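The data blocks that follow each hold one structure.
You will see two complexes here that share chain A, one where it goes with chain B and one where it goes with chain C.
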Partner chain A sequence: MSASTQAGAGRAKWVLASPLIVFAAVFVAFPLFQGIQTSFYGLTLQDPAAPWVGWQNFVDLFSSPNFLKAARFTVGFALVVTTIETVLGFALALLMNRAFPGKKVIFTFLLLPIMIAPALLGVMFRLLLNGDIGLVPALLSRVGLDVSLFAPDTIVPMIVLLDILQWTPFTFLIIYAGLQSFPTDLVEAAQIDGAGRWRTLVSITLPIMKPIIFAAVFLRLIDAIRTFDVIYVLTAGGPGTSTTTLSIFVYKTAFESGNFGLAAAASTVIMVALIPLVPVLVKRIARSEKRP
Partner chain B sequence: MKKIAVVVLATVAVAGCSPSTGGGGASGGASGSGTGTVKMVLWPGPEGDAMSKVVEQYNAGQGKTDKVKIEMTLLSRQDTFSKEATLMAAKSSDQDIYFVASYNVGQFAASLDPLTNVDASNYFPVAVDGLKYQDKQYALPLDVSNHFLLYRKDLVDALLADDAQRAAYRAVALKAVGQELDPKPADEWSLDDYKAMAAYFTVGTNSKSPTKYGTILQAKNLLYNTMIWNDVLWGSGGSWTDDSGKANLDTPQAAKALKVYSDIYTNKWASPDSSQAEFPETQAALKSGNTAFALQWSAGFAELNDPAKSPDVAGKMAIARVPGGKTHVHALAVALNKYSGNKAAATKFMDFIATPAAMTTYANAGGIPAMPAVLKDRASINPAFTMISESIEKYGYAEPVFPQTFQAYSKLAEDLSGAWVGTTDPAAALKTANDNLQSLLP
Partner chain C sequence: MSALTTTATRTDAHEPEHPRRRHRRLWGVTAVAGTIALVVNIPWLNAILVSLKSEGDIGRGALVTDFAPTTEHYANALGAAGYDFPRFFMNSALIALGTVVMVLLIAVPSTYSAVRLGFGGRFIMNSSSALRLLPAIFFAIPYFLLMSNLRLLDTIAGLVIANTFLNLPLGIILLSAGFRDIPIEVEEAAWVDGATTYRTLRSVVIPMLAPSLVAVAVLVFIFSWNDYLFALVLSSSRATPITLGAANFVTSTGIRWGDISAATLLSTLPPILFAVFAQRYLVSGLSSGAVKG
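Now for the complex of A and B:
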């Protein structure tokens, strides 16, 4: 390739990437830096003058029992749902990775939950699970199960279940896509050598699928840590603060307490806590690309 | 090109770090031409439905004379004020008229223009006064909201008329509240009667109960539910502050009020769904016939006796004062955005809303205007109207108004909603609530 052609190709890639660069600059970089800036000011609804407070917002944050409780709940919730959704997603992907009648229809139904906006799903289930007018309690009572799905001892399992319902199709889709490029000759070779299904799964499928599964786990974990919509619609973080996630904490701090500085500090802390995970993912993906 | 991209990103990042002046001009909006489109925010539900009729009336009539057209946006009931807070923090001129309430006017005042020509004589004094902050009138009353006991009159009347049921009630009351209480008409209930009735009308306590549960508690972690629990607090002789203005929640009266809720919930005299219940769930519980009575917002009554909307209970529901004889009162209102670019036009519409004619349209469409004369005149369309005036005068109380009143409601819901449903130690919850309230008081 001539030098001028190479230079032209170089310019072309920047031109083609420029809309994304501008979009990222305006809608990602600008709000991000303004948010970080706000975390150092005492910006509240009562005091729009927003005096500089330095690290005070961060000090207030880490001495807030509600923030620490929200952090513990969020991490626990995220780990539980991510684990279950990955296992279920993997199982579903294996099941769907074959031809059978009606596969396309079932595939479509499997993906429906992730097409519904989380807040809308929350509203739907707020109606469906209502003890007086909801379809689910009515069906359960027909089989002799008279249980409140919103009681304090059932609400956490319920929101875990709803998250699994909505987001298992996400992990399923990622893993299923990975299975489409799976080298089937390895499986055939293993079968010829007498390996059973379980041995093939553990010794061949899982190791090769590790990077894909890792990507699914990582993406789902980050998203689960940001969970807001369904929980807020159903419980508003209650009873008390028992189902308050970090996102709900930030939201309430900003829009109910009117303390935008403290909310921005919480958002900054969450971002800083999650950033170190990104190089881990990049490294894993780079490592898998280097393998022959 | 790489250098250009880096420069662009760096410029944007630095711009993000510079102080924000917001939109609409930091100095505060403009009077505008006095004509054109005026944008208004309201929340959905009875108030939004009623205001849409007023807007239609204005746009088809007076608006043509004024050369003003109103565009109303309905946000979600749960998040209208949050979204408005975002607009206010950004000093946005996107909306000209905001929807506010007496419990957040202090919080929003910095982003509103005071109103100068509100004729207070048309309104309930508590509605007008509740929208003042630092002696300035910041909003125009729309609805006045208070609480009532909404109950199944047919079931209570049957209880009162039947000696066998009365005897059974006395036995249930003895177990529930430690006293052999006689059943009373709903407008005479004390808080002990409220508990005893909840027990009596719960099938788990009284196998002959015609309803599954006696009541439903609005116990979701939501600031509006604090307002309902406050009725029980004030009805128990408690309050937010003592005479010196200090927080007053770590008291025997507050503990008694908390116990009313927690006893009802833990004894299963209320639906277990109460822990996530608010206005719509309470309506659903009453409409379904599963629940005999509930503390509910005044706006909830009309549809319960509407055969189209509540076929199972229409004609059977009645309204009485809150047990304990205290009701929270607040006003929902509209206010002028300080950063509006067309204040003159917005003011024309607000002048129109302030007339009895506009509020009559509002009442006819399901709203509850804060004008006593209109409520009296339109009593035929909603029996609650005649009771509202009496209720506000005889039983109404108002929580203290201070800049962080809104935050106080929210914080109390957060601190107490666990204790309301028995998942948190009540003494610890009240102490936390008291300390947090004290930190918010001026």
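Now for the complex of A and C:
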């Protein structure tokens, strides 16, 4: 690269990178190490002189029904919302992919939910579902349904529904942005050849859009697995443990029960489980850089 | 639905559609898309309604529409009722602005070094992408231990550091795309004229990087304004930002829904204003990594 021929670049390279090197060492590498290390200690909030316990935390973790239940709930929740949000986001992107009156305003409104803090949305959802003054119970009792929305049977579908309201705009945005660079001449060619709309969608749009749809699924899936804020504010993982995600399990184990060792073991397991997904995205970002 | 229209489209695909019919169909799209846009925004539209009702009208139920609007809840949220909300707002602003400054100070020189001077090779980009994917909850425990050792628990500085950590990968990814878009000939010309690397970066490259800098600043501001998990773990009272303050207010007994709605809406204003006035930066930033950023 011609950059290396430049005078003094050798030293400048390190000088310019030094803030990142220092920050990464103290606030990335060290916590990463300490997080994994903690999972091998019997560390609690009360006991600073923690003993080394080996793999005991991991043994306890996999025999903990609460952890296994949280894992099942998190994976199930993530798969369901990702599937629905991708399908709806794709349909919405196809709908929005044309000029029509008021498009600019509608587009802006569609993106707003992504901008709102999930924790504050949790507050708004509580208001929406509140038994006395909430909009949803009021509408339901209009049609003769008197249910407590915070009961174990109804809260899970509610959480799925609310997640769809907030994150369909995200999958829509990713897919819509992809459609903008879509070669429209192919669709026109297909239509001139007599292909109908459905046929064009299945044979041309979907195959070309596959990498983008895949990316939307992937990003949404990772975020859904990490879900914490909105559910924690809405239900704190309850009633019982019925809406406890893995993140809520880790938080409660560490900061409510004070069992740092077990919580660290749980978060190490979650991280190790997500690691196989990492190269997939890394490759995608690398590819998008090379594109002109 | 599309299957049913297939035959129709096939026969009239080339014939120009009657203008009035086309017109009506496009307004149909407006109606459907507009309804969807309304539905996804129900949570805060509902909160607006509640925030404008008096406590008495709120108690009459959600479907009451014949109420006299009041702004008392906004006055309360802004300090009239003696809540801590003004301080929470101030904390959120300090944390978000501090994080923006920190991310730019660290990411701009080091990303330049990585992209143009060969620092770290692909390692910097790969580990930034990887960090974006790691669950934030993993870092909650080590960050709590680290901040308590550094005596930074419940301080603005502690939360600025935590949010810098969370947002640095995004900053590096977006800035590296920005640096790559600047033609290297511009920098080469500066070197030929005898400018040092630092001077080239400061006087030639950074001015050309302005759009990427704005995009990073806007996104980092929103994301650190919206952070909740690290605020919950690292702050208890003095450094509490608005997300945590509002959520705590709800979980305490005797909820005053009018006041909480007003406070919640006020705290969603900065991100929403950005969404409206800096939309194109958000679109490119949010989809980076999925589509070309």
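In this text, the second predicted complex is superposed on the first by the 241 of 292 C-alpha atoms of A that agree within 3 Å, B and C clash if a C-alpha of one lies under 4 Å from a C-alpha of the other, contacts with A are read in each partner's own complex, and residues count from 1 in each chain.
Just so it is clear, a contact is a pair of C-beta atoms (placed from the backbone, for glycine too) under 8 Å apart; a residue touches a chain by one contact, two chains touch by 3 or more.
This one's a predicted model, so the numbers in the text were calculated from it and none came from an experiment.
A.B. asks: Would you check which partner chain A:235 touches, where first means chain B only, second means chain C only, and both and neither mean what they say?
C.D. replies: First partner only.
A.B. asks: Would you check which partner chain A:131 touches, where first means chain B only, second means chain C only, and both and neither mean what they say?
C.D. replies: A:131: touches chain B, not chain C.
A.B. asks: Could you tell me if A:277 is touching chain B, chain C, both of them or neither one (first, second, both, neither)?
C.D. replies: A:277 sits against chain C, while chain B stays out of touch.
A.B. asks: Determine, for the superposed model, which of the two partners chain B and chain C contacts more residues of chain A.
C.D. replies: Larger number of chain A residues touched: C.
A.B. asks: So in the superposed three-chain picture, is A:210 touching just chain B, just chain C, both, or none of them (first/second/both/neither)?
C.D. replies: Once the two structures are laid over each other on A, A:210 reaches no partner at all.
A.B. asks: Which holds for A:95: it touches chain B only (first), chain C only (second), both, or neither?
C.D. replies: second
A.B. asks: Using the touch definition from the top, say if A:32 reaches chain B (first), chain C (second), both or neither.
C.D. replies: Once the two structures are laid over each other on A, A:32 reaches both partners.
A.B. asks: Determine, under the contact definition given at the top, whether A:264 touches first (chain B), second (chain C), both, or neither.
C.D. replies: After superposition on chain A, A:264 lies in contact with chain C alone.
A.B. asks: Is A:150 touching the first partner chain B, the second partner chain C, both, or neither of them?
C.D. replies: first
A.B. asks: Tell me which partner A:251 touches in the superposition: chain B (first), chain C (second), both or neither.
C.D. replies: both
A.B. asks: Overlap the chain B and chain C contact sets on chain A and report the shared residues.
C.D. replies: 14, 17-18, 21, 30-32, 34, 130, 132-133, 233, 236, 251, 254-255, 260
A.B. asks: In the complex, go through chain A and note every residue touching chain C.
C.D. replies: 1-4, 6-9, 12-14, 16-21, 23, 27-28, 30-32, 34-35, 38, 92, 95-96, 98-103, 106-128, 130, 132-135, 137-139, 142, 162, 165-166, 168-170, 173-174, 177-178, 181, 191-192, 194, 196-199, 201, 212, 215-216, 219, 222, 225-226, 228-229, 232-233, 236, 246-247, 250-251, 254-255, 260, 263-264, 267-268, 270-271, 274, 277-278, 281-282, 284-286, 288-289, 291
A.B. asks: Please output the residues of chain B touching chain A within their complex, sorted ascending.
C.D. replies: Result: residues 1-2, 4-5, 8-9, 12-20, 78-79, 81-82, 85-86, 88-89, 91, 107-108, 110-111, 219-223, 271-273, 275-277, 281, 284-285, 287-288, 290-291, 403-404, 406-407, 410-411, 413-424, 429 of chain B touch chain A.
A.B. asks: Can you check the complex and tell me which residues of chain A touch chain B?
C.D. replies: Going by the criterion above, the answer is residues 10-11, 14-15, 17-18, 21-22, 24-26, 29-34, 36-37, 43, 45-48, 50, 66, 130-133, 148-152, 155, 233-242, 251-252, 254-258, 260.
A.B. asks: Can you tell me which positions in chain C touch chain A when the two form their complex?
C.D. replies: That would be residues 2-3, 5-7, 9-10, 13-14, 26-27, 29-30, 32-34, 36-44, 46-47, 50, 58-59, 61-63, 105-107, 109-110, 112-114, 116-120, 122, 124-126, 129-146, 161, 164-165, 168, 173, 176-177, 180, 184, 187-188, 191, 196-198, 201, 222, 225-229, 232-233, 242-244, 246-247, 250-251, 257, 260-261, 264, 267-268, 271-272, 274-276, 279, 282-283, 286-293 of chain C.
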